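Heads up, the next two complexes both have chain A, just with different partners, chain B and then chain C.
The block that comes next holds the complex of A and B.
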């Protein structure tokens, strides 16, 4: 088990090294893309800054809380886009039969699919994420490590949700954009002040579209750590992770080959 | 003209048949309207400004109709240029550019119309009466449809930049983000500081997003005329860029091949 894990880690590092090398074939293009991504993100931050400047607070949330949310969200999305974006292409692989290539390899098919795509420009999200953390006013060693941990958990949740959406392709053909749209809806949900959702909306916010595990709990944990919230966060993320793996397994059982010849 | 009309209809019917895509788009629109309704309701409750969500959610609906209906023509054109596929089309008795543009318009029209119908019902249920008179609705709808056509034209310029760039993904994203900010596509420009509005006025996003969509809550014949004239000005400017770039592209394909 440990040997297999180490092997996967080695392969992961090798893939990342190749991705960086490929991106740096055209250094200026790669750097411009990273800078543009950072500017993109900061323009969104500016939009929210204007709202909080005009209105003061939104149901108890101030710009400082929003900055923490941006920190977690951007770091989580950067991790997803750099190291696991391939999962977004799963519907395409299923539709055109490329999935067979992944299934015939001795490595974990899910691992290979996830790492099959990476967008170098999303390093800009990390820049924005850490910048927003330092601007939030909640800077300390403890909050820093909590932010890193919460960002990782948010990434696991994003990945699990996207995997469930991608698995729809086992049922519906040509569902790439359907999955993309629902995933975008989830990201939009998670990028709002969590305080605007109350009552039944909050239940929806934590179950069907689990954006609350990216915005509500991480922000409250980083601000003021408490075990009950932390356990809820870990429990919610683990539940979605397990559900997504079950979905993938179920999908594979129902998958009939695309009849396309090819070996990786 | 007939052949472009046929391309428009083929693309229209193809987009119409993709029910899964359309449902995903409508779901996303619903979530957006729902979230921002919650947000504006919370803001209105705190700042004691009743009816704030009624104005801004209708505004958001039209803005999203323009943005979400964009069929990503930039990526199609970029792929055609990078893969050399366009070389197969340019010797046909049909303009490659107008072929792609007509297809994109067909695709966009389906999304625009469906979102218009679905979004109007949802917004009406959530907010009650709209901030405009019902007789103004067809005019606002037509103006926004025009803006959507200009938006598609703008994205063709992004796709044509594939002539010089190795990737246009980030450029496309930057244009989208500029539309959000400088065009006031999520929050109207009226809430931004004056210095920012002064900058936005120099960009095309100001007229074909903000001014057009603003008709939702500030309709007058003078505003309509101003929007129409400014939009026409930007169409001329963008078209000039498209014509010059396209000529360069054709020249390069003729010399070097696809």
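The block that comes next holds the complex of A and C.
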């Protein structure tokens, strides 16, 4: 088991090396994209800073909470875009039959699909993420590790949700855009102060569009760790993870492949 | 010799949405069942080179995809090297190699050698045996000059040679080739056929090759399975097929005045060479093409004799 995991880690590193090599075919382009991504993120942060400067707080949230949310959100999205973005292309792979290539190897098809695409520009999200953590004012070793852990859990949630959306392609052809739009809606909702979602909205954002597991619980856990919130977060993320895997497995049984000409 | 592939009553049906307009179809879409593969049974022995041919939409690719663990069947059973493909996907992957002529398993932007290295890691190949194996295949398929080129810059024929090498890196016992010569020119087709056959003979690899080009099966394989509309209609040696159905040649000549003359020669009655000599003697020939009967005609003939 340990040897198998070690081999998988080695394969992961090798694939990442190849992805970086591909991105660095044009070095200056890659680096400019990272800088532009950081500037783009910071302009969004600036907009919220202006709002909080003028309003003081939004339902009890101040700029500090918002900065923590940006830290979690940006780090989670950077992890997704750099190491698992391939899952976003699953509908395309299903439609044109390229999924076949991943199904005939001895590795996990999900692992190979996920790592098949990487967007180098999203290193800019990590820069923003860590910068926002230091700007939040909640800086300590404990909060730092909690932020890293919550960012990872938020990444697992993003990944699971995107996998469920991508699996729609097993049912509906040409669903790439539909999946992209729902995924972007989830990211948009997860980037708002969690305090504005109360009552039925809160239920909605913890079930159908699970943005609350990125905004609401991580911020409260990093600020002031408590076990009930942490267990809810772990439980919610695990549930989405399991559902997404079951949906993918179900999809494979109904996969009909395709024969569109082209290359990976 | 033991059977390395055993297929029994294998069936695959696809549910396809009926095209219709209006809101009703949006909320309550109608579907129809299409039978792509219909209760086919056959067996292939270790080291055999079998052509799986039929016209477009006959069910060739669907069958290969079930045998290579990509698709789940609707019913029936199959054993590939003793394993049920769709239940043993990862285990079976070490025993089989797949080449799909219509798509690539190489990374588009990476140099070919990097794609090979990545395939080596995916198949858990140790460094030294991998290098030795790659070196052998590079020599056999004559691709040394292509190794540093990114896949996107290769011609279709060059890419196909690299695709086959990629599928052979882990030394599979069975190689599934789905239309490996599709879209290639005559010369490239010849090269690919020769290389596939040479490799299979050298390593005793079992081949299952789909094509709708009868030349592919004649040049590479020893046995042929023909399917049409999902049903198996012929399963015998190439020589049996040649004697019964491939005994015609279509010769088309262009005369000096630009006139085209097409003639059919029964090779059982008259050798092709003799027919050509007669035509050359009779006309001033400026161009000539010789073709096998098209797949559709062979199938029509098989049905008519039933």
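As a convention for this text, the second predicted complex is superposed on the first by the 258 of 264 C-alpha atoms of A that agree within 3 Å, B and C clash if a C-alpha of one lies under 4 Å from a C-alpha of the other, contacts with A are read in each partner's own complex, and residues count from 1 in each chain.
One rule holds in what follows: a residue touches a chain if its C-beta (ideal position, glycine included) is under 8 Å from a C-beta of that chain, and two chains touch if they have at least 3 such contacts.
None of these values were measured; they are calculated from a predicted model.
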Fit-or-clash call for chain B and chain C when the two complexes are aligned on chain A: fit
Touching partner for A:225 - first (chain B), second (chain C), both, neither: neither
First (chain B), second (chain C), both or neither touched by A:253: second
Partner chain in contact with A:24 - chain B first, chain C second, else both or neither: neither
Which of chain B and chain C A:201 touches, first, second, both or neither: first
Partner chain in contact with A:105 - chain B first, chain C second, else both or neither: second
Arrangement angle, chain B at one end, chain C at the other, chain A at the vertex (C-alpha, nearest 10°): 90
Contacts of A:14 with chain B and chain C, given as first, second, both or neither: second
Nearest-approach distance, in Å, of chain C Cα atoms to those of chain B in the combined model: 9
Contact residues of chain A, present in both the chain B and the chain C interface: none
Chain B residues within the chain A interface of the complex: 18, 20-21, 23-25, 27-28, 31-32, 35, 38-39, 41-43, 46-47, 165-167, 169-171, 173-174, 177-178, 180-181, 186-187, 191-193, 196
Touch list for chain A against partner chain C, complex: 7, 10-11, 14-15, 18, 21-22, 25, 96-101, 103-109, 112, 252-253, 255-257, 259-264
Chain B contact footprint on chain A (complex, rising order): 26, 29, 32-33, 36-37, 39-40, 43-44, 46-47, 50-51, 54-59, 119, 121, 172, 174-175, 177-182, 184-185, 188-189, 192-193, 195-197, 201, 209
In the complex with chain A, residue positions of chain C that touch it: 14, 61-62, 65, 68-72, 89-91, 93-94, 96, 98, 100, 102-110, 114, 117-118, 121-124, 151-152, 159
